[in-house]
Amino acid sequence: MEKVTVSIVMGSDSDLPIMEEAAKILEHLGVGYELDIVSAHRTPEKLFDYAKNAHTRGIQVIIAGAGGAAHLPGMIASLSPLPVIGVPIKSSNSIDGWDSVLSILQMPSGVPVATVALNGAKNAGILAAQIASIASSMIRENIIAYKASLSEEVMVKSARVKR
Amino acid sequence: MEKVTVSIVMGSDSDLPIMEEAAKILEHLGVGYELDIVSAHRTPEKLFDYAKNAHTRGIQVIIAGAGGAAHLPGMIASLSPLPVIGVPIKSSNSIDGWDSVLSILQMPSGVPVATVALNGAKNAGILAAQIASIASSMIRENIIAYKASLSEEVMVKSARVKR
Amino acid sequence: MEKVTVSIVMGSDSDLPIMEEAAKILEHLGVGYELDIVSAHRTPEKLFDYAKNAHTRGIQVIIAGAGGAAHLPGMIASLSPLPVIGVPIKSSNSIDGWDSVLSILQMPSGVPVATVALNGAKNAGILAAQIASIASSMIRENIIAYKASLSEEVMVKSARVKR
Amino acid sequence: MEKVTVSIVMGSDSDLPIMEEAAKILEHLGVGYELDIVSAHRTPEKLFDYAKNAHTRGIQVIIAGAGGAAHLPGMIASLSPLPVIGVPIKSSNSIDGWDSVLSILQMPSGVPVATVALNGAKNAGILAAQIASIASSMIRENIIAYKASLSEEVMVKSARVKR
Amino acid sequence: MEKVTVSIVMGSDSDLPIMEEAAKILEHLGVGYELDIVSAHRTPEKLFDYAKNAHTRGIQVIIAGAGGAAHLPGMIASLSPLPVIGVPIKSSNSIDGWDSVLSILQMPSGVPVATVALNGAKNAGILAAQIASIASSMIRENIIAYKASLSEEVMVKSARVKR
Amino acid sequence: MEKVTVSIVMGSDSDLPIMEEAAKILEHLGVGYELDIVSAHRTPEKLFDYAKNAHTRGIQVIIAGAGGAAHLPGMIASLSPLPVIGVPIKSSNSIDGWDSVLSILQMPSGVPVATVALNGAKNAGILAAQIASIASSMIRENIIAYKASLSEEVMVKSARVKR
Amino acid sequence: MEKVTVSIVMGSDSDLPIMEEAAKILEHLGVGYELDIVSAHRTPEKLFDYAKNAHTRGIQVIIAGAGGAAHLPGMIASLSPLPVIGVPIKSSNSIDGWDSVLSILQMPSGVPVATVALNGAKNAGILAAQIASIASSMIRENIIAYKASLSEEVMVKSARVKR
Amino acid sequence: MEKVTVSIVMGSDSDLPIMEEAAKILEHLGVGYELDIVSAHRTPEKLFDYAKNAHTRGIQVIIAGAGGAAHLPGMIASLSPLPVIGVPIKSSNSIDGWDSVLSILQMPSGVPVATVALNGAKNAGILAAQIASIASSMIRENIIAYKASLSEEVMVKSARVKR
């Protein structure tokens, strides 16, 4: 099995069905990952331990998903030197997803979060793989192959729809 | 001088001109306060120490102001048992204030932040005094007098405008 | 039974399923409460009587929920010296909740409403308990225990999700 | 001078520069009016007296302007049987005017407010005259003449711009 | 039967389930009305005839409902000296109702539309009756009685919910 | 001089500084045009005459600019068989341009308006030329040359900025 | 069969149920068309070939539908001298359609996209026919007949609803 | 000098004052970069060449800034296997920045763009350095030192503001 280089965390287990998309695509792209629940608001101490130590455990990229007033990705970015990818989740307590998007995206100068589309966990996984590919030509090749497969799928659909 | 019962913190010294409004009205209403800068994203360790210990120092209410992806009020609320009042600030990096409002207001179940209007630091001060008045009849009387003065100001303006 | 210190009101009985969340958590935290319907627009005289007298009946905090052009929390705050917590409700006549949020949150200088998240009645109850805890160490301890239980729940879910 | 049939009120004297537009056009259309400051949040008792008695003083239409969490028009509509015209004002404490618009427009079933455009006090005056014209053929004729003058102004500008 | 003084029009028969609410409350308040479909975009010539002649047929108030880029109320207001009430409808082609609201509310200086809440046809009917009551003490009394009934309904619900 | 094939109209002479951009680019692309003021709300009869007859005068495309509740483009589209290009204008009475955009863009099924960006009069001119190029190879060539010039401008700036 | 003059493309086959509305109305109006899938993000090379060559194949107008960050219409407009009509689609990954609308509408100066309403594929087809009618009196007549049929439908519904 | 590993591009030279912030912080963090103008809409062919070849030139991360209907970051992400960071710019033709944010953030499944805050070019630079630090312990140390300096700055301001 691959070394774990991507860490996926989420604020609540209700985010799991969406965040698993990140895990699946990482698996497909040959990138090792771990998965956990860390709540900025309910387990702040765990958040601290987790974020301060991730890079010492060999983690290269963190993916954090949260909804509503979503502070998890930003607080991890505050505590870790690693690149942090934020997934805004349209949770049940969200106002059409706007709160999730804005509270992850609009980080202050000095502390970036790499934000992807609302519920865009799959893209978060691809982005994490692209980042990991900086140091792995194998992952780079997997990404290039994946992009080719996206194109082929569309060509098949195009042939079907054309008249 | 009054015992310090309200603690006012903000994410950046650029928030000071707005947050001082909270200090001024607390002074007017006879409530002791302190004022400091604590950045959720730039000084996360200070945030932790501050929030975990405020209630042990005799603080009764916390007022926290921040703009953009504003995590300060929510993270304090996560770490402290005290009531936390959040002031969304329309800082220069904010999208018309919407990010500030939503990332303070839309807290998840279990961790409330008492949010006031955009840039509403004065109202945050009044609200803190109203909370402190639970345990102080002197402050209660000051609030009642203040509300009467608001009414009188309007009556004077009404007399001037009427024809 | 505990002395009634928190008064919960709402604009319509259709708000009851949401506002009962405030009642439940207050019960859990050992805070006495009452529950009533007061409509700013349909029973303005009842609103006046209610808001002007609540503090003389020993009420310490008011929780008011309303949707659409939601004037109930603000009008109570206008008439009472007590801290007022506003719960914006995404009622059937609301535009995705934005009207409810803005007409409660954006109160003018001098008359604050402590606004919680859209449909955030449970958080309103917790906030009311936090305010009541200013004058009750028993409630303070209940809040600290409640926050610990939130953390524990997440730890259990984390153990389950981890692989 | 004409009998006063339209009453113009506003929440603050800072609204006067905008609300005077209503007065001017009413004067132009031959409709008697009065002008006053009534704050829903700072003078709730004056609001009550004013709104409950306006129709007994011969007032036919009320124009109420307010900004932010703008409760004045809706609370007057709650207390008076008269048609109430609401003018959302983009005051300094407003979020781009959205709060003013939504907290006036989105009234619950049973209590309408006739809302005009943001800062649309002139249109509020015209609308009040149109309502008063139900019972006055003189005002009706003035309105028809006014509309003809609007058309003529455009025709003059059209001639100038055409090439 | 009462003389027809209120004319209700809508842009499409799909608006009928909502616009009938205006008809029902007018009937309840003793105000005569008519009901028709006039599309600004599909029957512009009918719109012209209708709007230019309504006041000559004894109509006192026009209620116009439309959704999306809703031009019907504004174009009638352009052509008629009568007060025009606009009902923004959240039709299937609308973006959450925002287009309907803004294209009815934000009329230019000189041509007001009295806008009510999204889907607020019932309130449009009440407002039309309030306008008609300028010239009818019978309708005025019906309105006062209706407002009293609203209050009573709430009192009954309050008694049920109280504990 | 070229035959007039594009007609540019706007709701108010205050829109002229923006709408002149359409005229300038049409001139540059060799397309004949006319320019006039037609207000949907202040000169509805002129609007009718204009829109019903434009195609009989040899006009091929209409460009209509308006702000706020902007009904001019849609009403012209309702009355004319010609393609109508709408330019939403961020006029002084507009809410950040949203009303202008939505009341032009969101036309009902059957009556399209080709909407361009907020204040995008230049693009409206280019689009009108592209439409006219259907029947004129000279205009087509001018467009191709124009697009090449856009590219060249960027290449020059690129060379300057590169280091 | 008619010569193909309109080319309809879409970013994904999930857009087909909406985009087929464009095809249907073009058929009804006697305009020849073709239909294909071209993804700006998954098949960028196909996009290039398609857009650079469409006008050399005799295509007169392009209709492009896409949702979310919808780059297809704008990128085609960048590469082709033809008029391009953009259909914003409220796809499953869209935030209430706002992203689709804004990323198609707000094109920079020099590169227009003729944007229609959200999901407005039928109107895109009509607009394409209006453009094609510049060079075909047969299509012009079909459009005039179509507009008359719209009016007639409303008149039938009006007769039914009237009482 | 450092090897160029980060490529910064922008859609227009008017974006330069903002995008230079990315260059400055990369310099500070010891990361080599290049800077160029590539317009998705005005130089699509240059965009293609640039995006398809960047990774073959040794570039590890691309930063792309654009405003309005901002297609540059997404189209580069479509054509390159590298991680792409998008900077939404509040350009003069933008609707308060919403179009810039949404057309960069809301990328479809398969093609992520790592989006930072509106005008957040400095954070884009930091994020690029964090990504580059995957393969460079020197850059990792520079980032850790930079984060410490952010904290220290706040501590100095805190000392100044405290009383």
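Here the chain labels run A, B, C, D, E, F, G and H in written order, and each chain numbers its own residues starting at 1.
Following the convention adopted for this analysis, a residue touches a chain if its C-beta (ideal position, glycine included) is under 8 Å from a C-beta of that chain, and two chains touch if they have at least 3 such contacts.
This one's a predicted model, so the numbers in the text were calculated from it and none came from an experiment.
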If a chain touches chain B and chain H alike, it appears here: A
Computed distance of Cα centres, chain E from chain D, in Å: 18
Geometric centre distance via CA averages, chain D-chain B, whole Å: 35
Centre-of-Cα separation between chain D and chain A, whole angstrom: 52
For chain B, residues that touch 2 or more chains besides their own: 12, 42, 68-69, 93, 95-96, 98, 101, 105-111, 113, 117-118, 120, 150
Set of all touching chain pairs, with the criterion as stated earlier: A-B, A-C, A-G, A-H, B-C, B-D, B-H, C-D, C-E, D-E, D-F, E-F, E-G, F-G, F-H, G-H
Partner chain C, residues of chain B touching it in the complex: 55, 60-61, 81-83, 85, 101, 105-118, 120, 122-124, 126-127, 130-135, 140, 143-144, 146-147, 150
Chain B to chain A touching residues, read off their complex: 11-12, 40-42, 44, 48, 68-71, 74-75, 77-79, 93-95, 98-99, 102-111, 113
Touching residues (chain side chain F, partner chain H) in the complex: 96-98, 101, 117-120, 150-151, 153-155, 157-158, 160-163
Chain F residues within the chain D interface of the complex: 12-13, 16, 34-39, 42-43, 45-46, 68-69, 93, 95-96
